[in-house]
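Read from first to last, the chains carry the letters A, B and C; within each, the first residue is number 1.
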Amino acid sequence: MNWLYQEDTYTPVRDRKLYIDRSILSILGTVSRIRHEEKGHRGGIYAVSPPAKFVCTLALIILFSLSRNIYFTAFADSCAILMASLLVMSDLKRIAAVTSVVILFSFILLLPSMLMGNIHNSIMICMKIAGSVLLLNILSHSTKWINITRSLKLIRIPDIIILIIDITMKYIVILGNFAVNMLYALRLRSVGKEEGKHRSISNILGVLFIKSKEMAEMTYHAMECRCFSGSYSTQMKFTFKARDFLYILFILFICAGFFLMRDVK
Amino acid sequence: MFIKMSDISFNYDSVSALSLINIDINKGESVALVGPNGSGKSTLLKVINGICFPSQGEYWFDGLQVTEKALKNQDYLKLFHKRIGFVFQNSDAQLFCATAFEEIAFGPRQIGLSPDEVNERVFDCLNLLQIEQLKHREPYHLSEGEKKKLAIAAVLALNPDVLTLDEPMNNLDVKTRNFLKDLLIKLRDAGKTIICATHEVSQIQDVFSKVISISEDHHIS
Amino acid sequence: MHIPDNYLSPSTCAVMGSAMLPIWAVAVSKVKKMVSAKQIPLLGISAAFSFLVMMLNIPLPGGTTGHAVGSVLIAILLGPSAACLSVSVALLIQALFFGDGGILAFGANCFNMAFIMPYTGYMIFTLLSRLVKSDKSKYIIIFISAYAALNIAAFFAAVEFGIQPLLFKDAAGLPLYSPYGLSIAIPAMTIPHLLVAGVAEGLITAGVFAFVAKTSPGIIENREDRTYPLYLLLLAMIVITPIGLLAPGTAWSEWGAEEIGALVNFIPQGMRDGFSFKIMMPDYTFPIIKNETTGYVISAIIGSAILVIVFKIVSEILKRRKKDA
């Protein structure tokens, strides 16, 4: 045991640890997005009825996809930016960052096609992507996520699936935190060269899987102990106010644009 | 005898978790289950709640024998779980709904109460556990103490006759522990049968009238 | 290989979405056969697990990193139907809440990652396990199954992408959605998957399985019925589709060699930097058929999928009859 009472002389060997940090960052980012939900008491677009926002966002994304007219795309894009401007600064910054990255990537991906002469359509695709991503982000930043999952009922998704989605969200947070702790432990113990790095990730995922199975078993028992009979009813109590009426009117205005601009060249 | 177990043994993968356990508990008694780690307290609570079935021995609850076959009957299963409530050691596994309100409402809705009755029970439980402010919060956002209180509220909403708890005081601060202790005394005085696996010896004199001790070799000592 | 919106035409999205409906129905019925209520938390939690797998950065020998999907892993650990549903839920949450796009392309993404990938991987795994019975080669078999399944799924995504310019053109004859034909899309998508992503997928699948098998073997449960005719049909479908596509072979190569070079160079760079390549994968949409070739192609794919499912249901019924007899 003499080594424990003496100091070591150790010079670390350089080795890549980036993969651990990146994994930690992506999981933490996700978990914090799920946890950061303080939208309750804001007004404006935040308080518009969630099922209305959900259905309208979906409808607009479909219109974007169907549109073959660059004028409508531009028109709808500007309306989307108008809606985004109703958000709080911090949300706006985040959305602007995400949307810009997506547009940039699309642009780069379509560049070869544009160089070959297909400019008009490529730009239209970029604009469509910008609009769809913007709308989706507006939805997810202005609405509590559990309200979005409740609204899935409106597109005929069965209640049991909604229960599964609720459980999934919760466990992304729980398992995510657990995984991050293991990744931190790995980081702290990565003092030198690590052979077979993918094995560490495999082991962490292995532990994660075993834990998942155990927790699934326990959750099932918890449901059983509370008389779960296989049916689940989600309650949607959403009121319809003037604000919602204005919102829907605006969306209808955009939809009208789709039909009116069909023949504009 | 409200709860009676004779010669219960439980094995998994040839490892014995419980060995020849005999228990008699009367209605309204408050019982502490003590023993070192690994002695089988959690397993015993699972058997009492019908989650695990013993390899041998008999388990009688309120005059009816509880077997795997008996619990296949959906009506009996529901009634059984309504009458015995279980607060898990791990609150994370116990809470699976989207908000605290839904969590507490889950049980009453499953047994078919009207929406008004469900609301009444949810509000009463929120008040009893002093967690009204958590009504619309997500369970995975809460602290350990808040989660434990929510779990207890969710179980009490079904108005069980028997309340079983697996080491409820773990990971809780002193204030929450005292709150829980007072709550258990209140429930005991209201006539509930309480079975609690615990490490906290200091509680025993105040809350519990009977102690069952399981030793390391999984027998009653 | 997540496909974002607007690269696939709305009709493609609609067709892929409708194709998934019977597939999900079959998966649900398979999963329900095991103790039904018990599967609900298991599906939710394995969906969370699948979601987290997709977030991890996997270091590969040689200095690059990759991302894995995990469908084959879950298929081997819990059965392909559970994998189908879990991965679908994970993809839904990604599409809905993590705003990169992919709402309309959800059907197509599920088709590739929640149907083709787990079922093909599982099929290859069971077939190979039957042929080669040694313990040592088990992990090599798992690696191969995951590697192959990912690449087959990537191939399907490439085809979905690549037929867009053929099927959807505007009045001037220019492609409306993904502008890259099969001759670009196929190599552009399959090469990075063959070289990098497939390796990551194989390593992770084999590695995690090895860990779980060593530490907690009792946990592995898949009691899927091994209906070989069904899987042979799936194999046939996979083989026939590319042949079917190449047959009408007219103006596939709309872009020259430089374009292919540029695209292929770009993608590995993006991966080395660790960006998610969700954005680069075009949508795989099925357009509403105006062109008969498209119609043929699409109906071939969908028809095979439906046949597979019908076959499954029929063999299910036959099995049950045999049991009763």
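Methods note: a contact is a pair of C-beta atoms (placed from the backbone, for glycine too) under 8 Å apart; a residue touches a chain by one contact, two chains touch by 3 or more.
Just so we're clear, the structure is a prediction, and the values are computed from it rather than from any experiment.
K.L.:
Just by CA atoms, which chain is the most central one?
P.N.:
The most central chain, going by mean C-alpha position, is A.
K.L.:
If every chain is reduced to the average of its C-alpha atoms, which one ends up farthest from chain C?
P.N.:
Centroid comparison gives B as the farthest chain from chain C.
K.L.:
Taking each chain's centre as the mean of its CA atoms, how far is chain A from chain C in angstrom?
P.N.:
So the centre of chain A lies 21 Å away from the centre of chain C.
K.L.:
What whole-Å value do you get for the distance between chain A and chain B if each is reduced to the mean of its CA atoms?
P.N.:
Centre-to-centre distance between chain A and chain B: 37 Å.
K.L.:
Report the inter-centroid distance (CA atoms only) between chain B and chain C in whole Å.
P.N.:
From the centre of chain B to the centre of chain C is 44 Å.
K.L.:
Where in chain A do residues touch two or more other chains at once?
P.N.:
Each of 166-167, 170, 174, 215, 219, 223-224, 228-229 in chain A touches at least two other chains.
K.L.:
Counting only residues that touch at least two other chains, what does the list for chain C look like?
P.N.:
41
K.L.:
Spell out, as numbers or ranges, the residues of chain B touching 2 or more other chains.
P.N.:
96
K.L.:
Mind pulling up the chain A residues that touch chain C in the complex?
P.N.:
Within the complex, chain A contacts chain C at residues 16, 18-20, 22-23, 26-27, 30, 33-34, 58, 61-62, 64-66, 68, 95, 98, 101-102, 105-106, 108-113, 115-118, 120-122, 125, 128-129, 132-133, 136-137, 140, 145, 148, 160-161, 163-172, 174-176, 179, 197-199, 201-203, 205-210, 212-213, 215-216, 219-220, 223-224, 228-230.
K.L.:
Which positions of chain C touch chain A when the two form their complex?
P.N.:
On the chain C side, the touching residues are 4-7, 9-10, 13, 36-38, 40-49, 51-53, 55-61, 63, 65, 77, 85, 89-90, 92-93, 96-101, 103-104, 170, 174-177, 179-180, 200, 203-204, 206-208, 210-212, 215-216, 219, 254-255, 259, 262-263, 266, 274-275, 279-280, 282.
K.L.:
So in the complex, which bits of chain B are touching chain A?
P.N.:
46, 49, 51, 74, 78, 81-82, 84-86, 88, 90, 92-99, 106-107, 109-111, 136, 138-141, 154-155, 158
K.L.:
Can you list the chain A residues touching chain B in their complex?
P.N.:
Residue list for chain A touching chain B: 35, 37, 40, 146, 149, 166-167, 170, 173-174, 215, 218-219, 221-229, 233.
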